[in-house]
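One structure, pasted below without further comment.
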Amino acid sequence: MVTSDQIILVPLLPFIAFAVNLLAGRWLKHRAAWLSVAASTIACFIAIPVCWAVFQGNHFANQGTWLMLGQTPLKFGYVMDPLSSSLLFMVTIVGTLIQIYAMGYMHGDPRYSRFFAYVSLFMSAMLTLSISDNYLLFFMSWEIMGLCSYLLIGFYFEKDSAAKAGFKAFLTTRVGDVGFLIGFLTLFSAIGTLNFSEMNALMANAHHAGAPLHAGLLSLAALLIFCGTIGKSAQFPLHVWLPDAMEGPTPVSALIHAATMVAAGVFLVARSFSLFMIVPNVLPVVTVIGTITAFMAAFIALTQTDIKRILAYSTISQLGYMVTALGLSGLGAGTFHLITHAFFKALLFMAAGSVIHGTHVQDIREMGGLFKKMPHTATTFIIASLALAGIPPLSGFWSKDEILLSAFASGHKIVFMILLLTAFMTAFYMFRLIFLTFFGQPRNLKVHAHESPAVMTAPLWALAFGSIVIGFPGSPFMHHWFQKFMAHMVHHPEYEPSAFVMACSVAAAVCGISLAGVIYLKKIRWAQKTAETFSFLYRLSLNKCYFDELYSRCIVKPFQSLGRFLFGFDARIVDGAVNGTGHATLFISAVKGWIDKYIVDGLVNFTGTLTHFLNSIVKRLQTGFVQNYLLIVFIGILVFLVWELKII
Amino acid sequence: MDMLSLIIKFGIYGTMALALIAAIAVVTLRNLFHSALCLAAVLIATAMIYAAFHADFLAAAQILLYVGAVMTLIIFAIMLTEQLGSKTIRQTNRQNLAALAGLLVFVVILGRVIFKTPWPVTEKALASKVTVMELGKAFMGPYVFPFEVISIILIAALLGAVVIAKKDR
Amino acid sequence: MTNFPSKRKSSGIKQWDHVYTSSVQNAPSHHWLKIFGAGALKGMVVTLKNFVTSYFRKPDQGGIFTVQYPEERYPEIENYRNLPFLVYDGSPDKVRCVACGICERECPPKCIYITMETDVAGKPVRKPAVFDIDYAVCMNCGICEEVCPFDSIFMDHVFEIASPRRIDTGMIRHQEDLLKSSEYLQKIRPKTATMIDEKKRAAEEKKKAVVKPPQGPTV
Amino acid sequence: MNMPPLLRDIEFAVDLSFVNAKGWILDLLSHIVPDWVVVFASIVISGVAILVLGPVIMMYLTLLERKLIGRIQNRYGPNRVGIWGLLQPIADGIKMFTKEDIVPVYADKVIHCLAPIVIVIPALMVFLVVPFGERMTAVNLNIGLLYFIAVSSITTIPIFMGSWGSRNKYSLLGGMRTAAQMISYEVPMTLSVVPVIMMSQSLSTNKIVLSQSGSYDMNWFIFTPWGIVGFIIFFLCAVAECNRPPFDLPEAESEIIAGFHTEYSGMKFALFYMAEYMNAFTLCGIAATLFLGGWQGPFLPSWIWFLGKTFVLICVMIWFRGTFPRFRVDQLMGFAWKFLLPLTLINILVAGLCHFISEKTGWIYSFIIFSISFWVLVRLNRPWMPEKRHYPLAN
Amino acid sequence: MIIPLAHILIFSLLLFATGLYGVLVRRNIIGILISIELMLNAANINLIAFSKSTSLSPETGQIFAIFVLAIAATTAAVGLAIVLALYRVRKTVYTDEVHLLKW
């Protein structure tokens, strides 16, 4: 039986790997990869038994005071409950596999050790986030992950687009993080504690006591925390950064922008689900944001030509699905979809990565007929796509079904319809991708594709097995064990599985696949025709609903113009003022100088000359002859006699 | 008004006139030695006037001190400093007219004062005669302090004069 | 005996003492005994004694030996010289002086003036015609007496010859005033007069002797 | 005074002969003229007496001096004119009159001629105070002594006048020296008189003389310790005051020609001479009155005593002239300031002591004090004191 | 008192005036000193005159006169000493040649 305290080692090992790689990276060169992979595998071997213990129903939690804020101690610690254990389980496995894959993908890169340092740092951050037991630690690891995503997106910083993408990603997630920070601080001011378990207890009491504490304040806190999720999980308004994040190397995309980091946002909502349950009108907002994101992302993905962009948009739409699930207070459904999506989305990205690695081309219009050249990659890619589309035996079907069920059961008919349409679109663009890249004739003869080495294909197969297997705990075969496991967390409504929902989702998936096959294998011209007929929609989708232009015009441009205006304002007014004061002081000093020179000195000189003048008169008296003085004295006496004594 | 007092009166007026003439001579004579001698004459005349006023000790003292000592000093000084050749140089400086005018006014004013004020002349005082014995007693009596101070002043003047006049080696 | 003046702290006057009182430094020990005034008193006693005794002592014993001049005369002193005179033997016209002019030349103040007498024929006669001595100029040196080969001029003892007049004082004595008899010479100058007479007598004897034995030619 | 009555009458008669004569004349006059004239007459008589007495004394003093000096120097004095040279002064006087009275060309005529007059006046004025006999002081001033000192101090001015007026370098130097000497000897003289005044409680000469009467009229001040010293000092100063040897350096013939009266000749010189001798006489007279009891004497009439004493003192003065060589200038000054002055101060001290201590011991104390002070002063004044000269080369 | 007090005061006033004239006018410093002596004498006469004719204790006037006499002697002594010193330094005794202290 593994004691719980070793769980702290799980985030610590990747951090040590990061430190070593960073400091001795130059010296380690290709050996850096081994170090980080070893760290993550050891972390994995430590974490899985603990998770297994938690699966058995145990619950571990421990905390220590980190620092004293005046009298109130600030306690940091870890908690191992169903939510965190499942995430930990997923992250360690997927992380390790991706790092193994990255060893092959990044082979020969000059900054090899630095890549693995950043990845290890990201792993340690993700692991701390998953096991943290209070908002502050959660937020710290949240910020480190944002940093790692910036560093890794901008890994090829000599490419201008990579640097811009990194910067864009960092900024947009930053907007969300600010909201998240303010949110949990308001929460702290409201309920006085940052600890999740204490919060859950408070929320439970409030739930029973009926009247929640400060309804308004809590709802505000909840909304702001949800902003953090929007930023981090690339939801509707702040999703623009994820497609551009594809500039980074593919394992990064796989690890960060598919499986883990983006999932953190959903995990945040799940972690503070008790708060969201209490607050009356926040969940509908979540739902709306989720559905919009899902539909909008899928719609854009339809017309994309870059292999990684299509996957990015599909990630955004799946995240939309998770958020909608949480919005519909389907905690179990959301988290289940989170876990399953991590596996097959990572696989998709890695497969795409090996395709790019092989063909050195990212545009699907130049690819074709790669199936024969890259069988392993192709087959794993097809398996993942099937899972994503939601074909029954695969994990994707189960998790998506759960979501659709929660939507349908909770009476949100519209939401159900949109989700269903989205599912159809998902299936369509995934298989459009498959048919365009792997089947048909190679459109660009210069491309000489070759299969990736074993170190890359092995993790592909591992993940393929994972994406098949991982679906079962939530499926009826295991009696919805996962949903019950999640119910221990927060009491939320349970829905009976309905066959109708399952049938609708399967039907949507099959229609999508078949339509894609028809268009792209047989009737390539139909695509062209539909594009011309629905040209507006086509251009809308092609240009990512003009969000970038929209943002740049209504946010960036105004800010720039504001900046320019401010600069201008500053240059003219402030500097003007400063210079003005300078000139004013100069002028005033000149005036003072003049006054000083002509009036004060003038006065002084005047007295000088006056005395000199008077002196020149009086000094005549000083003749030097003693007798003159005597005479003067005598005459003085006379005058005195005559005048004063009035003798005469 | 017997003849004797008449003679004495005329004697006194005569000495006064003599004194005045000598005084004017002192002031106006070009030759300094002559003016010094006229001063001696004035001093002796005043001594005689003192004698007339029965202040004989003072008369003797005056002659002894002034004529004997001070005159000698003055004459010594004249001899030591007088440039014989320069006798012809003008003796009075430029301001004699102004001084003269001032003096006339001065004399007129005080003259009026003298004649106007009723002097409290008392018969008893007129009759009194002061003998040397009384003077001695007064010196040793109420005026002993000034007497001692005068001795100190004299010593100081003596030393001072010697120091100043001594040719420093 | 005299030692150099030590640099003693002394006023100006003392510096000359070494000349006079060189022995004062080592004066006798009982120096302090001599009271300041004693010397003066001793001196006064001397004068008193002198004053008193002046009335008793004889001239030659230290008493008053003043000679009341006009009334008493001081015994003549033979060798006294005052103004020369000429000597004549017997009568004034037999003058010893032969007007040789030696005394005129030798006289330092040049106060003698002689002219020889010439007889009728103009031949010089060995007799002075004019023999003047200016008594005012004569300084009584007696040189003329010594040089005179013919013992005719001698220094007289006469001093009461003051002249009341300033101009023609009669000081230039002519021959007739100067002549005096040999007896007078004998009287005032006995010793020299007798010596001259003996010399004369000897000369005459020698002449006589010479007359007797005629001398060969004198070489 | 237990003489037989007859002698006493004669003595009185002789004594007061002059006084009676004057009284007789006065009451003769009083019948003729009004009384103020009588007062005036008495003044005139005594004035005439002095005017006559002064020159006569001066003349016969000169003769006396020349006779005595002669005798001292083993010679007669003037004996040509008159029997014992008695007419010599008259001859001198005539000589002085007839002598040509030269006034130097550049001389300051007024002062030159005024000087002799101004020097004679004080000499004569002093006679007022000299008490010749019983009631024979001309004017019995109660500040007689002070009058005497004051008037005798006037003589410095004519000396200046004489030396300055004659426009002669040597006379000027001589004059300065004489004045300096006169002044420096005036101070000890004045102070030596102070004990007498202390004892006789009065300044007037009469009272001083009266205070010396007593046992046989011989109670003179000279017989007191401070009297002797006072007399010696007073007499030395007197000698110096009237420029007689041994203090006659300034106007001695062999020194700077004849001092301030080199340019004087004839009558002016005679006046100077007369003033000097009159001063000598009056000083001796005052010395006699102060210390030798003036006209106090056992038998003889008062004025004879006075004249006799003065005569003795004058002879002593002449005696001084006969014996002493002249003082050098610095010895002269040194003697006055450094020897006589301190001695007089001590004398005053001793006089005070004697006044209180009894007769016998008084002498001893004063003798001790005097001997000590004398010795100290001699030691102190060693620099300028003339030593006995030894002539080592002589023997 | 043989003559009236006023006459004596006039006499002393005139004497004082002549003295003052001498001080003011005479060029020779010794002349000035002589004139000062004159003025002092005038003061003395006044003292005697008043003590003789008015004062209750007659001897005060004389005593003060004597003091004035003494002081006059001292001033004469020191003044002449200074004149000698001046003469030795500046070879002149005339006030109008000794006028260094001027503007």
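Brief remarks follow.
Here the chain labels run A, B, C, D and E in written order, and each chain numbers its own residues starting at 1.
Everything that follows uses one rule, which is that a residue touches a chain if its C-beta (ideal position, glycine included) is under 8 Å from a C-beta of that chain, and two chains touch if they have at least 3 such contacts.
Since we're looking at a predicted model, the values are computed, not measured.
By the document's definition of touch, subunit B and subunit D have no common neighbour. Remark: the per-chain Cα centre closest to the mean position of all protein Cα atoms belongs to E. Farthest chain from subunit D, judged by C-alpha centroids: A.
Centroid analysis (C-alpha atoms only) places A farthest from subunit C.
Looking at contact counts per chain pair, the maximum sits at B-E. The geometric centre of subunit A is 166 Å away from that of subunit C, both derived from CA atoms.
Note on chain placement: the centre of subunit B and the centre of subunit C lie 68 Å apart, centres being C-alpha means.
Centroids of subunit C and subunit D (each the mean of its C-alpha atoms) stand 48 Å apart.
Between the CA-based centres of subunit C and subunit E the separation comes to 70 Å, rounded to the whole angstrom. Under the contact definition stated at the top, not a single residue of subunit C touches 2 or more other chains.
Of all residues in subunit A, those touching 2 or more other chains are 625, 627, 631, 634, listed in ascending order. Contacts between chains, counted with the stated touch criterion, involve the pairs A-B, A-E, B-D, B-E, C-D. Interface residues of subunit B, counted against subunit A in their complex, comprise 93, 95, 98-99, 102, 105-106, 109, 112-113. For subunit E in complex with subunit A, the residues that touch the partner chain are 20, 23-25, 32, 95-96, 98-103. Contact residues of subunit B toward subunit D in the complex are 2-4, 7, 31, 33-34, 37, 40, 56-57, 59-61, 63-64, 67-69, 71-72, 75-76, 79, 131-132. Within the complex, the subunit B residues that touch subunit E are 5, 8-9, 12-13, 16, 19-20, 23-24, 26-27, 32, 35-36, 39, 42-43, 46, 49-50, 52-55, 57-58, 61-62, 65-66, 69-70, 73-74, 76-78, 80-82, 89-93, 95-96, 99-100, 102-103, 106-107, 110-111, 114-115, 119-122, 125-126, 128, 130, 134-135, 138-139, 143, 146, 150, 153-154, 156-158, 160-165, 167. In the complex of the two chains, the subunit A residues touching subunit B come out as 625, 627-628, 631, 634-635, 638, 641-642, 647-648.
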